[in-house]
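Please go over the structures that come below.
In the two complexes below, chain A is the common chain; its partner is chain B in one and chain C in the other.
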Partner chain A sequence: MSEQQYIEFYSECRDMIMSKSTAVMNNERDKAFELFKQYGFPSQKVERYKYTDVDKAFAPNYGILFTPLGIAPSSYIFSLKDAPKDMTAYYNRLADTSDGITLLNTMLAHECLLIYVPKNTKVEKPINVDNWIRGAVPSMMNRRLLVVLESGADATVIVGDHATDQQAFLTTQVVEVFCHDNSRLDLYEIEETTPGMNRFSNVYIHTENDCNVRHSCITLHNGTTRNLCDVSMEGQYTEVTLNGCAIASATQHIDNNTLIRHIAPNCTSNELYKYVVDEQAVGAFAGKILVEKDAQKTSSQETNNNLCASPEARMYSQPMLEIYADDVKCAHGSTVGVMDETALFYMRQRGIPEEQARMLLKNAFMGQVIDQISYEPLRSKLYVKVEKRFLGELEKCKTCNLCK
Partner chain B sequence: MLEIKNLHANVNGKEILKGVDLTIRDGEIHALMGTNGAGKSTLSKVIVGDPSYEVTEGSIMFDGHDLLAMKPEERANAGIFMSFQQPIEIPGVSMANFLKAAVNAKRKYQGLDPMKASDFLSMMREKRKLVSMDSKLVNRSVNEGFSGGERKRNEIFQMAMLEPTFCILDETDSGLDVDALRIVAEGFNKLRKPETSAIIITHYQRLLDYITPDTVHVLLDGRIVKTGGPELAKQIEDNGFDWIKGGSINYDFESVTC
Partner chain C sequence: MPNEFVKKVAEEKYKFGFTTDIQTEIIDKGLNEDVVRLISQKKGEPDWLLEFRLKAFRYWKDQKAPSWGHLRLPEIDYQDISYYADPTRKQQQSENKEIDPELMKTFDKLGIPLEERMALSGMAVDAVMDSVSVKTTFKEKLAEKNIIFCSISEAVKNHPDLVRKHLGSVVPYRDNYFAALNSAVFSDGSFVYIPENTRCPMELSTYFRINARNTGQFERTLIVCESGSYVSYLEGCTAPMRDENQLHAAIVEIVVMDNAEVKYSTVQNWYPGDSEGKGGVLNLVTKRGLLKGHHSKLSWTQVETGSAITWKYPSCVLQGDDSQAEFYSVAVTNNYQQADTGTKMIHLGKRTKSTIISKGISAGKSENSYRGLVKVGKQADGSRNYSSCDSLLLGSECGAHTFPYMDVQNNNATVEHEATTSKISEDQLLYCNQRGISTEEAVGLIVNGYAKDVLNKLPMEFAVEAQKLLSVSLEGTVG
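Now for the complex of A and B:
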């Protein structure tokens, strides 16, 4: 299957990749390669991958890009090879070593972006990470991000994913996030790419005591997207919020897969994912809340609401709760609905054209999740972007310099 | 203004309107009364173009246009407004955005530029006062958390914003207390221009105490069976509909026997 070309590539180019990289990353490569040979890509028989055809996405013959990181001078952003303290101990510690995509990323990623916020430091302005891909031929990029918040650190990180050119692209991304005691992180991922894009993102978050962590995953425009987010809540009195906004039309595909593991007691998790799928688009959401036996007094709420705006659109929703503790408060729910015809008619009776009325209803539906965004300038920007998206005015990203 | 001829309409395959003829001239107010299920609301929904109702026969002309060939939004922009019997909540769509979209759609239809934001806000303020609507309600989503009475008042507020030439008040009085009824009815009278026409659907005389109709129609089993002046509404209030059923030559024989 499509693993073979990556196995061959690594066997031939191992030394070249290593020469562009750093010891801490190189130390992990061969191990990952051995495991990748063993596991390969997950097939749709694997529970967590049943909604996305990984093999098909990795089948084309992509040129693999080894673009160097461009880092503006900052006190908090580094390439892992220039890390200020010994950050190397964090690398590849959270990543799931049985996930074929994470393994491939570990084999091939040549650089790792590090966001490091020292003890008791509050980063006032958000840290922006903009990823873009362009090329005249089908191209692949393997990105790696490491976020370390020491105790009492506080940061907002906005990761944008952009693409230009109507070309087949593939990106793999592994993000490892360590939140030490009493830290606060607001992490946004915003995808505005093109129909040729295949995005595979695996995010792993580890929290300790008294943390407040929010992860918002927003897909405004894409091709095929598969986002995984695993959170391990290992300390007490931590609050984790996962929000998702997914808008798909044409033949776009958005698959979000989340796992929140409550390991320690007295923690709270909230999850809200909303989808609007239109035309022939496909949306999938699978989210599991796992409450382990020691995680007493867990409070957890998981919600997935979806709007199928056309008869051909498909939505798969799979909220899951798995509880081994006996003193917890957990709820999960999911809805899949169609456009409210009564509301639509009410608006048309007031003279609002049908298309605009539909747009207003879709926008209102998504508004609930945008309301959750705590960084105000981003929230205002997203209200506008979401509206533009529903008006069909967001066909290419206008935020990155390349598109201007 | 409005001319309905031999109108037949179905909902879910069941015939509700069985040949309605009705002419309303500029400036006239017509009250429409009748038993539950007689077809009053169906008639109003057909006029505004609700897609769940199917017209099988007949015609409606509005200011010289074939109304049945127009989309609901075109009918609205041409000046038709319906105050809904059960106004729906639209969470997430603010009253301001909703009304701005409606006002500007009408202006576009009339070949005008969109309204300036400041003009729009002062217009909202002025019209809101006309129907004594709380400013807090205007800052919410459409009808979200509104009481039954507040929703009805909001309908008249929207009417004030859109300045229609033809209004349908579908049981606007139901669910209103006496004071609210007076405010809503007075609001309607203030908004009304000499050429504004209306159909008022009601079960009770009390709304007609405030808004005096020129003509009263009784709709029974899908047909207008009796037409008279304002005194007809009073007779119905006192005697019900049975005397009309018995005495009507238009009435369907099968139903008379039951």
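Now for the complex of A and C:
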């Protein structure tokens, strides 16, 4: 039971954390602590945590980091302390108060990055959020991100997750996204970390009328990753797209868990997640589309395609539909398969070595997800990165310049 | 009074809801070791079987009822149920070999051919009422081919070695809560043994009927099909209309050897409760087939229209190389019925193949879920699975859900799953209406067409019944 050390830590350091933080965040802390004591970490018997051993990841004794945020001057990015308006109505309002990891994050996060886009404003350049973790001892970081798009706002946010040093790291991340009427958001999460990394990211998205939201979750290199993405579509005529690309090899573990709740009628959701699992890696995908009683005229499509590239690799796939409205069109499809031998043969006939032919196929397989990235510079960068990843050139410490 | 008329029609919908007034010997309510011993003693069972029951009971006692289904399962008071009811008791005492005419009438009313005069139907039947098998027909004819078809109690007496070898080998008593309960208190069921290289000349069929009040039905079926043999087995069931829920927790075990083939078809029509959701049978069943031999084949076909709650996953363990399994299901829920059903395909042998076709239809205020697992083990090279689960929604207050689980540990296997959920297309309805077909009829037509893939897999006699059942179950869902 690894909760105990966090309970003790919080009891001891509560005042220290509070002194580094702001009232909006401090107001939520004790409530979260009480609930955390009650629920603890979810075990693998909890349906949504079936495929990841939370207890194991949180058991080691980590040094908890309270690194301050570094923010380049901008009119849209703030620390919650310097928010342009009171954020009480937003902070911790979407987060699931029965999820042990979200609760722990609410207890321990001392700073929150706020992206606030005012009414009818289009942010021309994408907003980059880069998280770096490094250290000589096992360390833990609790990150918090709040994105608020006022009506008619338009933004692209790219969150990069990096780690250096061959050390055990643990990060928890809670992202809350509010999209008011007629707003548009492109949110990318790109993970390139080390095998020692344990990443637990929970993203909560709320949409109102006429929004367009895309969330892309790309895992290129990692240790143990567990991403959760919950979307509640509370306004009409909104379109939500969730895309994911996961490449795992060695003993990496990637678990993506999504839930799209159609609450209001006339909305559309699309979901496409693709995995390539190689060597002894484990991939897991569980996506649920829930259509509530009043969400008539919902249209939803969920697709999960997976490639198992080695005999030891393991893939779990669980695409789910839960539907309470009758005038809907929902479909899901899922495949776990092998590389097309005839395609390989075709290429080899034309003088392409087998190794390279396999590479081409894997690239083309992932290409379907990357193609959908609307921000062109990122798309081209990812084509190269995905290719490098399959070639094994993306190993950390080979490409990173941080310690050189 | 129009209301009276409506009420009458509504009650008529479940036409098997009558009760038979027959003297039935029922043991006292409650469940403890003495009850388990009493059941065993009443059936005159050998010690090893009593031991098996007691082990299962002791295990069950320490278990908690599962709650993970997408169901609102009412609290079941296991001490408030009688675990043994015997409608044939009276005549046994009077040493009369004839079946009680009341019993006979019951099965006549249900359309079950117990008399050899019904030989034209060409089907061997084992009829089970409450805890006891009433009669098995065509036994002699089957015996000519060395096929054993009898109630499991008889099999325990006459073929103890066979029963002992296979009982619990596919569904061990530790498998789940309800399997443990069944293993402790199971009453009657059918036993089928097909010797090597024999093609069973007729369809074998078991008909289950719950009659007595406050009793549970805990039947146990065991089918063993030796190398190179074939059998087609049908199962049907009904129960009277009662206000309280009745528990039905059965186990079906099937063993299929090299090159053998078993077809198992079910038309499940237990009493579904009234239109207010009161009463009905709780159908909590464990069904599993073990494809032990190479090139063995097993297919499950089920049409689920009855029961207040259906919670079952007829499964296949594909252990033999090149074995094939199929699962075809139509599940209809109406009013307050709930179903959480599907299958498990566990691929262990090389080049094993499985197909899952599931059609869910929900109407009224019902909930219909498909839940299925496809697991491909490390050794199952070249395995293949295809699953397709469609749901049809008739009405705005019902729910249709799909929860597929895929677990693949092999890089040389292909697993595919697709599912769709939609309502009946307005265009199709309009097309029918234009041609003078009423909306109600049109829905019936469309639903039957939708379920055709599965209905086609049923043996002739059942297909007709199933088609009728479908339209009856959906009566009154439109307009």
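Basically, the second predicted complex is superposed on the first by the 397 of 404 C-alpha atoms of A that agree within 3 Å, B and C clash if a C-alpha of one lies under 4 Å from a C-alpha of the other, contacts with A are read in each partner's own complex, and residues count from 1 in each chain.
Following the convention adopted for this analysis, a residue touches a chain if its C-beta (ideal position, glycine included) is under 8 Å from a C-beta of that chain, and two chains touch if they have at least 3 such contacts.
As the structure is a computational prediction, the values presented were derived from the model and not from experiment.
A.B. asks: Identify whether chain B and chain C fit side by side or clash on chain A in the overlaid structures.
C.D. replies: These partners fit in the superposed model.
A.B. asks: Go through the superposed model and pick first if A:Q368 touches only chain B, second if only chain C, both, or neither.
C.D. replies: first
A.B. asks: Go through the superposed model and pick first if A:M18 touches only chain B, second if only chain C, both, or neither.
C.D. replies: neither
A.B. asks: Should A:Q349 be classified as contacting the first partner (chain B), the second (chain C), both, or neither?
C.D. replies: Only chain B; A:Q349 stays clear of chain C.
A.B. asks: Return first, second, both or neither, reflecting whether A:I127 touches chain B, chain C, both chains, or no partner chain.
C.D. replies: Neither chain B nor chain C is touched by A:I127.
A.B. asks: Please name the chain, chain B or chain C, that touches the greater number of residues in chain A.
C.D. replies: Result: the larger residue contact count on chain A belongs to C.
A.B. asks: On the A-aligned overlay, A:L360 touches which partner chain: chain B = first, chain C = second, or both, or neither?
C.D. replies: The answer is first: A:L360 touches chain B but not chain C.
A.B. asks: Minimum C-alpha distance between chain B and chain C after superposition, to be given in whole Å.
C.D. replies: 13
A.B. asks: Quick check on my understanding: which residues of chain A belong to both its chain B contact set and its chain C contact set?
C.D. replies: Of chain A, no residue contacts chain B in one complex and chain C in the other.
A.B. asks: Chain B touches which residues of chain A in the complex?
C.D. replies: Residue positions touching the partner: 340-343, 345-354, 356-357, 360-361, 363-365, 367-368.
A.B. asks: Going by the contact rule at the top, pick out the chain A residues touching chain C in the complex.
C.D. replies: 47, 293, 296, 306, 308-311, 313-338
A.B. asks: Applying the document's contact rule, which stretches of chain B touch chain A when the two form their complex?
C.D. replies: Going by the criterion above, the answer is residues 48-52, 71-73, 76-77, 81-82, 84, 87-88, 90-93, 97-99, 101-102, 105-106, 109, 141, 158, 162.
A.B. asks: Could you list, by residue number, the parts of chain C that touch chain A in their complex?
C.D. replies: Within the complex, chain C touches chain A at residues 68, 70, 376, 378, 391, 393-423.
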